[in-house]
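Order as written gives the chain letters A, B and C; numbering starts at 1 within each chain.
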Amino acid sequence: MAQFEPRIVAFLCRWCSYTGADLAGTSRLKYPPNVLPIRVMCSGRVDPTFVVNAFRKGADGVLICGCHPGDCHYNEGNYNMMRRFPLVRKLLAQFGVEPERVRLEWVSASEGDRYAEVVAEFTDEIRKLGPLEWAPMMAPPPVQTAESVVTAK
Amino acid sequence: MPTLTIDGQTVEVEEGKTILEAAEQLGIEIPTLCHHPLLEAYGACRICTVEMQRGKRVRMVTACNHPAQEGIEVQTRSPRVLRHRRMIVELELGRCADLPVLRKLADDLGIDRSRFGTGEHECILCGLCVRTCWELVGARAISFANRGTDREVTTPYHEFSDACIGCGACVAICPTGVLKMEDIKGRKVIHSELTLGPQRAIRIPFMQAVPNAPFIDPDECAHFTTGECKVCAKVCPRDAVDHQMEDQFEEIEVGTILVATGHDVIDCSEMLRYGYGLYDNVITGLEFEKLSHATSPTGGKILMSNGEPPKSVAILHCIGSRDENYKEYCSRVCCMYSLKFAHLVREKTGAEVYELYIDMRSAGKGYEEFYKRNLEEDVVFIRGKGSEITTWPEAPGEEGKLVVKCEDTLLGTVRRLPVDMVILSPALQARADAAKVAQTFGLGCSRDGFFLEQHPKLGPVQTASDGIFIAGTCQGPKDIPDSVAQGAAAAANILSLVDRGSVVIEPITSVVEETTCGGCRLCISVCPYDAARFDEEKKVSVVDEAVCKGCGTCVAVCPSGAAQQRFFADTEIMAEIDGLLAEIGDRHQFPA
Amino acid sequence: MKGIEGLKAWQAAIQEQRDPDATWIAVCAGTGCLSQGAADLAAALREALIRHSLEGKVEVKETGCRGFCEQGPLIVIHPEGIFYPQLKAADAERIVSETILRKQVIEDLLYQDPVTGRRHIHEGDIPFYQKQMRLVCRLNGVIDPTHIGDYIVHGGYQAAAKALFEMEPVQIVEEIKRSGLRGRGGGGFPAGVKWESCRNAHGEPKYVICNADAGDPGAFMDRSLLEGNPHSIIEGMIIGAYAIGSHEGYVYVRNEYPLAVRNLQTAIERAEAHNLLGDNILESGFDFHLKINRGGGAFVCGESTALMASIEGRVGEPRAKYVHTVESGLWNKPTNLNNVETWANVPLVIEHGADWFSAIGTETSKGTKVFSLVGHVNNTGLVEVPMGITLREVMFDIGGGVRGGRHFKAVQTGGPSGGTIIVDTTGAARPAEDRDEHERGPALVPESLIDLPVDFESLTEAGSMMGSGGMIVMDETTCMVDVARYFLNFLTEESCGKCTPCREGIRNMLAILERICDGRGQEGDIDLLQEMSDTVADTSLCALGGTAPNPVLSTIRYFRPEYEAHIRDRRCPAGVCTALIEYSINATKCTGCHACFKACPTDAISGEVKAAHVISTAKCVKCGSCLDVCKFDAVVKQ
């Protein structure tokens, strides 16, 4: 059987990690193509519902990358994310999603190689976890629109 | 204001003046030897003795320190005064027969020869030097030692004094010229320190400095280190010296910033095998630059620490560069400046020069040609990195030399080169404070610590922060032409912004939807810029868009979805997620 | 403890404990006696007492110096007051078994008058003590200086208490002024006047200092007081500080006097422990802190400004005193400096009143003066005499006359000499601290002036001076040029070297004196010396230089022919200057005993036994050995 190729959604902060990813590209580093990046202004902008939604829409893993602690372009956005992250994991666990499927990593603008490494390693790990199986108790909500998700918060 | 008479003339003087000063006011000259207006009166030489009458009592007093008191009558040339003055000069001559200062006094007083012999001392023990050192300079490096006729000016225990700052003020003030700089401060020429020779505390930083005015270095200045001295302020005719002046922190509002903070060089003393700091004549490239510069203490002559020119010099490339243990990158400038050094040494001293290189990197306009020229000038090029410097001789001809060990990769042998002087070409590295500077300006740093440009090809002088530019070696090792080119490029970028007169701010800001906002104020608590504030009337949060930097943190925490970020609204990101995962179709695992 | 009542109660309590009839032994433990074995003697006495089961019943007390150091080690047995001088440890057993147990006086241990041959039982009967008036020294030799109770029991600190509780500061200053007390450190400046200027000077804090530098190693009166009765000095300083308005004092004492430093330190600690020093003394509300400052031991550091510089931690060099130290002294604050003996006199004046004090002495010089009497006299030691006593009384009655039946030639006041070495010149150098206060003058008193009364004015008028209390008696065997040379030699070494006339002047004057003594004197040397003296005295920065020429001037003045004999005749009349004397043998007197032949270290003497001997001048090194050994007066020194 062909190897399982996971789908990973990555939220990359515009200042460090997105630039880091860019550098990985311009440096012609090889890394798995499984990651689908979404640019956000800051890791602090990543709302937990984004993560949940990504899983709901079929992602097998979610990667959040921001500037190293102390380096955030907005000074403390990444700290907010750091505080939020354990809750995200707990929340997912309650839904029956393995917490390992979500990851928070610091990648600076100069760390193209690190970005490549992180991606390669995470892809590998998700690959081992296999495709996401939603727990049976989770019933799909009747209609899915972005608005309803927002109001459900 | 006391009034007194001197030699029959009446004079009124300010309170606190001495007889000597009062006499000066009248134009009456009283000889002095141990007196100096900048120093506290000492009263040691007694040559200024005058006759003073107060009421009926007549006394001999020294004019230099006796207060000019109300009603006293002073005689400066009475027979008794002259008799004593002659005797004192004669006694001084008996100690120091050949001093011009004394000779002149003796001539004035008609003394031909002293009855007390022809002593060969040169110091009259006036104490001007000691008091200068204590009172003005504050270094307290010299003082009087011993009693009576054994009295002498010296450093503690006659040892080289670390307290001496080498200011030379004592030499300048000594009336006999017996004090000489080398005598007090054996420190002569060279180096092992980055600053060559004693620094003057007050100096013009370098010849091309802007503004071209002297400044006082508080670390060297005796006033700031001891609280004394201020001799510069006392002698400056324009009263331009102000020790009270404090560092002033000025806030200047600017629209753009160019960061060109340059580089450091690696500390060679870390690499013990090169013996830098241990052997006098192992110096760094920077020290060689200073030494061979026309304004150096040697006047640009290339000399060793013993003052002799070297007969052979080795120049070692890549010290800390291209080295896994230190810096992996190439410092880019060493090959060329080492060639420049070789050329200079050949030209100025004719010494044998060895260049020890890994690869000769002479890419650049005219650079290869310069390399060729050095080859023609008989510089010896050895391909191989210098691995160690020792003073341990193993073969004849190595005694008293610095022996450089290296592997000559062209000959395939290990070689030992006995030389007089070694110049190390240390790696350029990011400044120690680079990380701090980066943080201040919101810059990124590459892994080796140099500042990160926005894009290596498309934005070489721009940075991630709009309006902030970088140029020169703070961005990475490069030589002057490249630094200048970058600087010019950055300037052009800056000028275009300045010309426009305004900058376009980020459109990506947050907004709070009034109708949905529940007034929980969570956004206000997380906003790092205090851009969100609470409207008491409407009971909702409001974001000031001019202040908001658009990080979107508030949006992420807003429980009601009232806070939204322009261009990054929740709906937009959700749609992005949807879009990314849309073609997943067949593998849709979500329980239906 | 509070006030005078507190002190008196304490005094009474101690008295109660002590049996007035109890036997106790005072062993002099002054530096003089200690060096002659007083410590061993005290130990031997204690052992002997133990052997006779008298320990705890008979106390052995180590006291300060009694003055008669020459006769040390010495003891007094109380209450009878039996005086035994020149003891050895071996005498202890006899003293305990006979005198202590059986109350028998041991005849052969008693003092024997060298002149009359009589033996005396009590100190008071001895001529040495008879003409003395021991006021300042009254407790020296009586109390144990390390024991504050001993001082208290003799009324100690009651003068201080009187001053603090019953007198206003101004009143005290007035009292001291009225008493006529003058500085004992040399200058003779009226103490009350000094206190008043300091009191009125502007500036806070004010300091009081005790000058205990006792610069001349032979001038041991200050040291003896410090060692033997330190509390009297502390008490004087408390009174002075209170009168002046000072709360901080220093005692500047040289480190070379360990016993003085130790006893003073102990005394200060005890006084502090009993609230006699420190904050709120005797609950009077007056604070006074006293510190010891140890001097390095340079003679010039006894000079007031050099002393203050030294306390401040600077080089001990004098500075100009055109602004007086009472106005700007230590750390540029008003400072009152007095000598040890001056301070020790203060409690006496306060206790007994100015009238009592001024009744002692002469018109202008009040009270007593302690001298160290040395030189060619029979009894040397520390003597305290009333002002106005004649030099003759001091030298002949107290001193027992010139030793060995020789003739008296001169006495030098102000500069003592200890043992065999003459150290101080400064009868000469000491007196005028500030030359405008006192005219300077020659320091030597020739025989013609022997009936001169000893007081500030008479000595000054006669061309000599009181000085700090040294009195060197010289007999006919002293060469006056040599004396001058000796003094200047000391001064060249002790001059601080700061000012030219003192440093270079004294050195060159010494060179001239040396060449005169060497027989290379030149015509005109005397005039040159006088010319130089004039400049050195007139222009030197401090009194060391200012008074240095005095020994030269005074010897020239009174003994000019002796100088001339040296210069013109190449002859030393006193036979001291080796270069100018020759030894020969008088053939008629020589018996040919051969003793000199054996004694001569250079084989300069030849001659057969029983035949007259001859000295070869070429070989003779003038050591004088032959003169010493010849029993027949046949060796002639000329």
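In this text, contacts are C-beta pairs under 8 Å (C-beta built on N, C-alpha and C of every residue); 3 or more make two chains touch, one makes a residue touch a chain.
All values reported here derive from a predicted model rather than from experimental measurement.
Trainee: Of the chains shown, whose Cα mean is nearest the mean of all protein Cα atoms?
Mentor: The most central chain here turns out to be B.
Trainee: Return the chain whose centre of C-alpha atoms lies at maximal distance from the corresponding centre of subunit C.
Mentor: In terms of C-alpha centroids, the chain at the greatest distance from subunit C is A.
Trainee: From the mean C-alpha coordinate of subunit A to that of subunit B, what's the distance rounded to whole Å?
Mentor: 51
Trainee: Taking each chain's centre as its mean C-alpha position, how far apart are subunit B and subunit C in Å?
Mentor: 62
Trainee: Round to the nearest whole Å and give the separation of the Cα centres of subunit A and subunit C.
Mentor: Each chain's C-alpha centroid was found; their separation is 100 Å.
Trainee: In the complex of these two chains, what residues of subunit B are touching subunit A?
Mentor: Interface residues on the subunit B side: 439, 442, 444-447, 452, 455-457, 464-465, 508, 526, 528-529, 549-553, 555-557, 559-561, 565, 568, 570-571, 573-578, 580-581, 584, 587-592.
Trainee: Quick one: in the complex, what on subunit C touches subunit B?
Mentor: My answer: residues 298, 300, 315, 319-320, 322-323, 435-436, 492-501, 503-505, 507-508, 528, 531-532, 534-535, 538-541.
Trainee: Considering the complex alone, what residue numbers of subunit A touch subunit B?
Mentor: Answer in residue numbers: 7, 9, 15-16, 19, 26, 36, 38, 40-42, 44-47, 49-50, 53-54, 56-59, 70-71, 73-77, 80, 84, 108-111, 131-134, 136, 138-140, 146-147, 149-151, 153.
Trainee: Under the touch definition given earlier, write down the residues of subunit B that touch subunit C in their complex.
Mentor: 41, 43-47, 49, 57, 59-62, 65-67, 80, 83-84, 87-88, 91-92, 94-95, 115-116, 124-125, 127, 143-144, 146-151
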